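When the chains are written out, they are named A, B, C, D, E and F in that same order, and each has its own residue count from 1.
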Amino acid sequence: MIRDVLKSGGRAVTAWCNIPSTVTAEIVAQQGFDCIGVDLQHGLIDYQRAVEMIQVINAYTTNVVARIPWNDPAITMKVLDAGYMGIICPMVNNRRDAELLVGNCTYPPMGRRSFGPIRAGRIYRDKPFQNAVEDVVVIAMIETREGLDNVEEIVSTPGIDGIYVGPGDLSVSFGDYPSVDPTNPAVAAGIETARRAARAHGSFAGIACDSAALAKRRFDQGFDMATIGMDHTMFGAALAGALKAARTLD
Amino acid sequence: MIRDVLKSGGRAVTAWCNIPSTVTAEIVAQQGFDCIGVDLQHGLIDYQRAVEMIQVINAYTTNVVARIPWNDPAITMKVLDAGYMGIICPMVNNRRDAELLVGNCTYPPMGRRSFGPIRAGRIYRDKPFQNAVEDVVVIAMIETREGLDNVEEIVSTPGIDGIYVGPGDLSVSFGDYPSVDPTNPAVAAGIETARRAARAHGSFAGIACDSAALAKRRFDQGFDMATIGMDHTMFGAALAGALKAARTLD
Amino acid sequence: MIRDVLKSGGRAVTAWCNIPSTVTAEIVAQQGFDCIGVDLQHGLIDYQRAVEMIQVINAYTTNVVARIPWNDPAITMKVLDAGYMGIICPMVNNRRDAELLVGNCTYPPMGRRSFGPIRAGRIYRDKPFQNAVEDVVVIAMIETREGLDNVEEIVSTPGIDGIYVGPGDLSVSFGDYPSVDPTNPAVAAGIETARRAARAHGSFAGIACDSAALAKRRFDQGFDMATIGMDHTMFGAALAGALKAARTLD
Amino acid sequence: MIRDVLKSGGRAVTAWCNIPSTVTAEIVAQQGFDCIGVDLQHGLIDYQRAVEMIQVINAYTTNVVARIPWNDPAITMKVLDAGYMGIICPMVNNRRDAELLVGNCTYPPMGRRSFGPIRAGRIYRDKPFQNAVEDVVVIAMIETREGLDNVEEIVSTPGIDGIYVGPGDLSVSFGDYPSVDPTNPAVAAGIETARRAARAHGSFAGIACDSAALAKRRFDQGFDMATIGMDHTMFGAALAGALKAARTLD
Amino acid sequence: MIRDVLKSGGRAVTAWCNIPSTVTAEIVAQQGFDCIGVDLQHGLIDYQRAVEMIQVINAYTTNVVARIPWNDPAITMKVLDAGYMGIICPMVNNRRDAELLVGNCTYPPMGRRSFGPIRAGRIYRDKPFQNAVEDVVVIAMIETREGLDNVEEIVSTPGIDGIYVGPGDLSVSFGDYPSVDPTNPAVAAGIETARRAARAHGSFAGIACDSAALAKRRFDQGFDMATIGMDHTMFGAALAGALKAARTLD
Amino acid sequence: MIRDVLKSGGRAVTAWCNIPSTVTAEIVAQQGFDCIGVDLQHGLIDYQRAVEMIQVINAYTTNVVARIPWNDPAITMKVLDAGYMGIICPMVNNRRDAELLVGNCTYPPMGRRSFGPIRAGRIYRDKPFQNAVEDVVVIAMIETREGLDNVEEIVSTPGIDGIYVGPGDLSVSFGDYPSVDPTNPAVAAGIETARRAARAHGSFAGIACDSAALAKRRFDQGFDMATIGMDHTMFGAALAGALKAARTLD
């Protein structure tokens, strides 16, 4: 279960899917990443495609999380019903946001999720009801100054299992150009503050990166989970590199 | 026009699309390759997706060819009507195959193509009829021993504009394991024979490669067009490399 | 019109579509159910597929309702514009929820629906504007303890035409494991309370079931509409039964 | 850029896409309209199709706007990330609505848009961050009596670039049957009021029409942008006209 | 049944679908044409979309025929199984072509069609086997000089119900530029020859046109069925006309 | 591997997919059938959907075969490249048909399959070339009188691994109405003849059934593989039964 992976304290190397395709999703799944993220926020993926993608990804792993486009009950419950066992929610800025998120991910009495795990119930059929309560991983993105200011109350919200730091939006929030590896000391310090807050409350901490090298640095810093880049940028870079090589080789 | 690119005698660095996605197709198209191949044979792409893909690719370039799954009139005429201005046909083994191919790609009196260039007519609207006669590029794959034996009669078939060598199938045809860069001297010699035959008849010669380095060697050998690998393998390799790096960096 | 069916006081045997397919939808529609529900909440169906499905279902019947994923104006208005003439909204817990729902389903002055019945206007072309006011059926799900407590104010909300009881979520709301046929006397009593409240206000009452036998019991209890199970579970059960039979027959 | 077109004070003749198809979208784009609207509100189009459609439309023009189904952050940010550089938002009724809309379209400090312009960043790659701040066009629909009453505070909201008047809903709001060309003097006056308010604040003003003749009248009235009808109605009318002609010609 | 329509001797005004969309197909079907053609040859439509399209079209009419891309058993039998009750086959040039076509459309002993009318059997469920023998309409396109020379042997082939003349390809076959209304006397005479041959053998005769006026002329000439243009050209023309009007009105 | 299952001499209970949906395919795959058939002939499924379906089915099993629409190299090689490891070909009537089929399924020197196992190579990555030679299962349908007459030469064709009897078409071939369980003694005898011929040559024998009871009889008769019915008919029957029950229960 993705919960075990993320909460193990290991270094979960994570792939990130933005391309709306079962074919690229399968190739990603075949690599053996510790975790796969399917991005319904910035990725070019909507719900219907996200269902097809997890159907294929599940052939290889259940360690998959969905980033939802916004803190909204409809899409949150729909991706959970489709079998995603982890939710990454953007722009969790305060306790209210965190509680709303947890409420959408959990059944009463904790939350307000409606029962009807159409596909999740088939995949995890021994305990279609309990697993949602026990096994779904709820991850709050810390990616604004406000979120950073309120990180303690966010990570201490019952039901929040971890955080995922978005350095790009965090930079913007500090008035900088978006950067995946911010040099602004205030932003860098904020990232560490968030990580420590998570750790202090027994939550894991993940962060968006754009390379193996940066992921490695983040793991060394103490992060539990890090992406190594997005599928579409890695794809574009591979093509661009080969084209350039073909034109410049002597 | 793709005809101009391929017949210019330059070194046409070519991308190869096997993933059935407008998103990956657009990323490929944004790189500036001299030519893009959309593979309906081994690629996981059928006609409907191939239409959507060329609609998007044409935003960037008209230098795109379709590899059809077999030497068959239905799919050949359909992709031409959809706006593909180049056809690569697998397994052209003799004069009869070559004439069948040309016949499917050209209007009477040369061939038997039916007139109805639904999308091609909109794209190339100044001359929806003539362009098909003058501008469509017809490429025969030389990838069997039989094709090699008959390469002269193939390249001299009126309407054949070029060849595209498939080293993998050619290796198999010689009893070897498929290889994109055959070491069997007979196969290597056959590749050069095909290239020279094409050149001698004023046809261009392309060949499948799997890296910029190999493409460079083929260009140096005198080939006019070379692929540098397939989209899905480049994608997989990029992901695998990053994952390995993230796990092994110290 | 679905309004006539549901408000006739008959026993509307209802099919429930969770599979995102025009082919299964057509098979459902061919059976002659009194009503068909297309589930955009727990079903694996999003808007685009729901459009294709109603296009096909309408070949057989207009007695079709959409369950929306949440009480949200965007999806509510979109499915209405697509030609769904009935809306089932989950988790209507109080007067405010009910008014929000009605507001999204009706044009001013009653509500806030925006005029633009792209497909509905073509299907019901004699009165594209009036029909939406007069003919759209608005159904509130009673499926929480709060909803039960407020059932009077919900069913008395102008524009609410009926209720649809969700026994599974209602069970959860009472602290039980979700059950389509709750044995907890408090839940069972709550279901009857909801039914009576609807009846007392001239509204019809529907309820989710999972078999013909249970539907029959609900009809006998006085419910006007009952589902007999979901398409994907009936499909799975049919397959499992046949497989087991093939393995055990002697 | 669409911003330049709309703010030029010219007469932007605008096409309107309701049909969820890359093929019809491409035909629309080939005509040379000054602006193209893709309608995710009343159109039968959802996000995934809207991505494919803009991929194809961008082959011809970047002058394209999306009408979102509702004033909601998720879909707003998703279509912006997909490369739409203009947003038309329905039912902007007051300052709060306008600020919410602007907030969803702009990065901090102005708004709350999350950074991740997956496709927009590739299309406008010189300045993926700045362009969103500077170049995205934010258009508020004035289509209710409340919106008309508050039009001053709407058009003066920082970040609102223009208005788009919806005469149909405006008619309904005044108690009339929806009309694209209202004869009710109060509604007609309201349309002019809105236009003047926009003009007075340096915003442009667009309006929905259903014919070239009406669009012409609106341009003469001082509107900067007008639609000439919807793709599906123009398609249906063309077919109906030809059928009638074929049956009645002598 | 389409057979009745086409063989009634009336003037069957026919629409022609090239756009791969259930939405445009439904709009076409709503107009009340006597017959609808779905074009899998020149149209941008493949089998899967053609299934969805006939599912929707059948809500309005069963008078629908499919033009197959080529005289091939696979696609012919697949569209028949999907519920198309009429087949138009391009490029039927001689008795052998005609017999192959009939053989693909009919069950033994007449032909070689395999039994498995998945959807047709549901639609015409009283006689899933017989109807295919009795009710499927088989139409041979006469569109080459060779076909014209052999028209007698084609129309007299048992199982051929009618012809559909393709003036464009016929013009090409005579060495002319493709024209839907050929002025070359030899081509014009050939069209009349084909029509008479069909009539003489009790077959009906249809022909491709591009306007109501031309269709009218063809009906007056004695043709039983005529198209009035293609969906995508009518769509493009309607848009272009409106745009031009909006720019030139004074 | 499917080869092991089918050649084990066990009783392979087989499911049959005609519905073009990854969701129904996944439900089928979850049941634990010994073998799954995806029908591209009579099923409403084309290549692109068949790729998505096997991606999902492979999450549960690799015991899956594709029935191709006709004995054609293009579709045969495409489904093999997509990862189907078994091919069922309709209407194999003689030695030439059988050799053509084997040739399309095998690499040289045995056959003419082109090398490029895009997805199969990823799934069976240890031996992308050899497996195709050793592991692909080639199944000839015996379903005509001619096929029956030539069954010896068919099953003795090198590379033919088994037969699949089609009782429906066989009945038709004998002049009867299609029946899955023919009572005509000549047809029944023919079925047994085919089975024995297969057995005598070390091939396995499968047969189409429509119920567990019939499958059981066929297993008892000595068949190695039997379908128990088609997905869409089992689905329709389950719905019809429940509807009838709901209407008739007292």
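Worth a mention:
Just so we're on the same page, a contact is a pair of C-beta atoms (placed from the backbone, for glycine too) under 8 Å apart; a residue touches a chain by one contact, two chains touch by 3 or more.
On a predicted model such as this, the values are computed, not experimentally measured, just so you know.
Shared contact partners of chain D and chain E, listed by label, are B, C.
Seen from the Cα centre of chain E, the chain whose own Cα centre is farthest off is A. Comparing D-E with the candidates B-F, C-D or A-B, the pair whose contacts agree for more than half of the residue-numbered pairs is A-B. Matching CA atoms, the turn from chain B to chain F amounts to 120°, rounded to the nearest 5.
Annotation: A-B is the more contact-rich of the chain pairs A-B and C-E, by number of C-beta pairs in contact. In the contact between chain A and chain D, the residue numbers used by both copies make up under half of all numbers at that interface.
Greatest centre-to-centre distance from chain F is found for D, with centres as Cα means. For the pair chain A and chain C, the distance between mean C-alpha positions equals 34 Å. If each chain is reduced to the centroid of its CA atoms, chain C and chain F end up 40 Å from each other. For the pair chain B and chain C, the distance between mean C-alpha positions equals 53 Å. Each of residues 20, 23, 27, 30, 44, 46, 48, 51, 72, 75, 119, 122, 232, 236 in chain F touches at least two other chains.
Taken as a contact graph, with one node per protein chain and an edge wherever two chains touch, the assembly fits none of the named shapes, being neither a line, a ring, a star nor a complete graph. Chain pairs recorded as touching, per the definition above, are A-B, A-C, A-D, A-F, B-D, B-E, B-F, C-D, C-E, C-F, D-E, E-F.
Listed in rising order, the residues of chain B touching chain A in the complex are 13, 15, 19-21, 23-24, 27-28, 30-33, 44, 211-213, 215-216, 226, 228-229, 231-232, 234-240, 242-247, 249-250. Across the interface of their complex, chain D is touched by residues 46-48, 51, 72-75, 77-78, 81-82, 107-109, 112, 114-119, 122, 129 of chain C. Considering their complex, residues 18, 20, 41-46, 48-49, 69-70, 72, 75, 90-91, 143-144, 166, 168-169, 172-173, 175, 177-178, 230, 232, 236 of chain C touch chain A. On the chain A side of its complex with chain F, the touching residues are 22-23, 26-27, 30, 51-52, 55-56, 58-60, 119, 122.
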